[in-house]
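Labels for the chains are A, B and C, by order of writing; each one numbers its residues from 1.
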Amino acid sequence: MDIISFICSPGVLCQVLVGLSRTVILFIVASGLSLILGVLRIPNIAHGSLYMIGAFLAFSVSKAFGGGITGYWMAILLAPLIVAALSFIAERAIFCRLYEREHIMLFLLTFAFALIFGDLVKLVWGAEYRTVSMPRFFQGSIPIFGLPFPIYNFFLLFMGPLVAIMLWVIVNKTKMGKISRAAAVDREMVGAVGINVSMVFATVFVIGCYLAGLGGALVAPIVNVTLGMDHTLIIEAFLIVIMGGLGNIWGALLGALIFGVTQSLGILIWPQFGIIFPYAAVIVVLSFRPTGLLRSTW
Amino acid sequence: MGARKSIVALLIILAILAIAPFGLPRFYTYLIALIVTTGLLATSLNFVLGFGGIYQFHHAVFYGAGAYGAAIMIVKLGYPAWLGFITGPVVAAVLSFVIGLICVRLSKLYFGMLQISLGSLVWAIVYRWYGFTGGDDGIHGIPMPELIGSPFGSYYFTLIVGGLSLLVMYRILNSPFGSALQGIRDNVVRSQAVGVSVRRHQLAAIVIAGFFGGVAGVLFVVVDNSVFPDMMFWTLSLEITIMALLGGWLTFLGPLLGAAVVVSLRTFVSGVTDYWTLVMGILLVLVILFLPEGLLGYVFEVWKRRTSESSEVQQR
Amino acid sequence: MMLEVRGIQKSFAGFQAVNGANLDVAEGEIVAVIGPNGAGKTTLFNLITGILTPDGGQVIFKGEDITGLPAHRTCKKGITRSFQVVNIFSRLTVFENVRIAVLSQQGRTFNLFTPSKRLATKETAEILESVGLIRKKDSVCGALSHGEQKVLEIAIALGGKPELLILDEPTAGMSPEETARCIDLIKQLRTNMGLTILFCEHDMEIVFGIANRIMVMVRGVTIIQGACDEVRCNQAVQDAYLGGSDVCSV
């Protein structure tokens, strides 16, 4: 009973809400990862790097437009697009030649890109950390359960479902999405009916990477943008995707929710080792459903 | 390449390494010891990756577990160093059994991703548990027994233990267990149909690989007298995967060669530029594009093309 | 009865691949399963050998219920098989392919320290001799011709010392000469080694040439099983499968 009243106390609820709004970032990044996994079957380790690049680009773009609200919106708009362009070049130059190879080669290739991107970030932005100033519009907080809740977190809570719905529309309502779902199941067949599978893969890859960049741009105002911010994020995204079911967008959402809730509760219950709780959740989930909560496309 | 030739090659290399400290500056003996340690680590990874077809994406955890197991026994619990050296690999083997048990039901990439995640949990615990593991500082200045306290001593200890471990792994790969493991790599369904219990063999292979990963961890403690959480960070796992790939992941000695190339390159490139990972990344892209069978794999292929059909039996 | 299959069922994502098939195989028989493409023959074999787990029904082998036993255990019980699509250890040599099966049959795959080379050599050589692949023993099996790979399939299955040998379209894709040799091989396996054989095949000439009894399967259901002539003259079989033409007099 103690635990329930503890969980229901305003402070805890507020903490969970803040945790959830960070989870939105994780969801956005993980959904991109899951999309690429589902269709191309590549666990893209470089996804974290693209997230980091997104954040650094948000810093640069926002600065170029003089900070403030314009800078912020331009950053949200442009940074992910630049990331997408970067990934398009990588896909067309190298990845597209290797789709027939063993998965482990593609996996290691993404690691090679993670290494290269990491050092390129160091080359361009240097090793010190950067901050993106929060536009005044988003500063301040709204009281919720009698405690202050930052406005920007509301914005994030709003962005999560928005991205989820847009992804759902792309995957289920567009021709592109339908083809890519078919290609995920049987790529020879899709190729046999005369569809350019290679271009489908490129598009999916770029959309997935765009989401990584978007996550990076959205997180930029609330964290220190720094080298190495990709390292833990990619593991968290992996966990979320595994929990939800590889390739399943809604699975990514569900996984992110579980991750966010267990993590923020975990930190309250046991500050030093709060990080254990999401992992415990994954192990529990997998012992009951070895291929994740929702149906994996595999 | 006959099995015997591999062994002969290994013995020759070891013999050369055995006399190396007499002619080389101390830094190079340290470097060679580091290569042997890392090479053992990469070979133990390749035991399951190249010969078992298991996507062991986070092998460094067992390296770290071995090193921390030894270090904690010696420094925090005050046991004699030799006992610590035995504890390390045992801890690694137990950990690999637990992680393996959770992962082994899953197929290929799923397995690999879950293993990276669970391994990262172990890393996170080590990283945060200041009181026991030294947190992000790690543990330094681990006292060594007199016999291996000197650079000479630690060098020969590394060489002997590393060499023995390699021989044992080689022997296992050529045993019926090794045959079954390679069968599973090539064809899971066929293995089941001839009566091989796939998961049990895979789990056993993971534990053996974890054990020798732990031995490599202990050797690192002997060479460097320190442990730190980076030893079990996932990037190191992928680095050793690169070593296996670069050297030739279908060959036994490939990972050792890969480790030698990567460790020496890192040592020398880092002296010239800060952008070592960039060099490593580009190297990896080139290997994947142009040398998918790795250096040794390529050499064997060329060699096989030259010699007659009759000697194409085995190239391990 | 050596093998009894009772009302076995399996569906994939709503598609009922096998829907209550029955099959009897007596010791020393050669039994053929025939049926049009997609009738569920391969699925039936996968259910018997434990590659797939049935949704319902029973598999009884030598009086023992082995329903749902995983593949590696049905193998140890004495049922081994070849696959329709070539399914071999492609990076290993012909000899090593068969040796793995023999080692597994001998329960030696957890032996960690004896070199494989010293074990099971005689048994493996005998099997390769009996199927006529001994000359190719040191070739990497990815380099064999398709027909040779199909024979290797049978050799691997023999490595498990089966009592019941299941062959899934053993001659599929073989040249006429290879087919003839393969048929001889199958006949020899019965006469020389006393094996009970269950197989499926599209070529009716082969089926009626070597089978003692035939089971006919259409859309996952057993239509009839019986002696060759009985099946050949059955009206339902002719309608459903042999295209309605009167093959009784052939």
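Annotations
What we mean here is this: contacts are C-beta pairs under 8 Å (C-beta built on N, C-alpha and C of every residue); 3 or more make two chains touch, one makes a residue touch a chain.
Note that the structure is a prediction, hence the values are computed from the model and not measured.
Greatest centre-to-centre distance from subunit A is found for C, with centres as Cα means. The central chain here, found by comparing per-chain C-alpha centres with the mean of all protein C-alpha atoms, is B. Work out the mean CA point of subunit A and of subunit C, and you get 49 Å between them. Separation between the centroids of subunit A and subunit B, computed from CA atoms only, is 32 Å. In terms of their C-alpha centroids, the spacing between subunit B and subunit C amounts to 42 Å. For subunit C, no residue reaches two or more other chains under the stated contact definition.
Note for the complex: subunit B touches subunit C at residues 3, 171-172, 174-180, 182-183, 185-187, 189-198, 201, 204, 250, 310, 312-314.
For subunit A in complex with subunit B, the touching residues are 37, 41, 43, 45, 94, 97-98, 101, 103-105, 107-109, 111-116, 118-120, 122-123, 231-232, 235, 238-239, 241-242, 246, 272-273, 275-276, 279, 282-283, 286-287, 290-291, 298.
For subunit B in complex with subunit A, the touching residues are 49, 55, 57, 102, 105-106, 108-110, 112-114, 116-118, 120-121, 124-125, 128-129, 233-235, 238, 241-242, 245, 274-275, 277-278, 280-282, 284-285, 288-289, 292. Residues 49-51, 70-73, 75-76, 80-81, 83, 87-93, 96, 99-101, 103-105, 108-117, 119, 138, 140, 156-157, 159-160 of subunit C are the ones that touch subunit B when the two sit in their complex.
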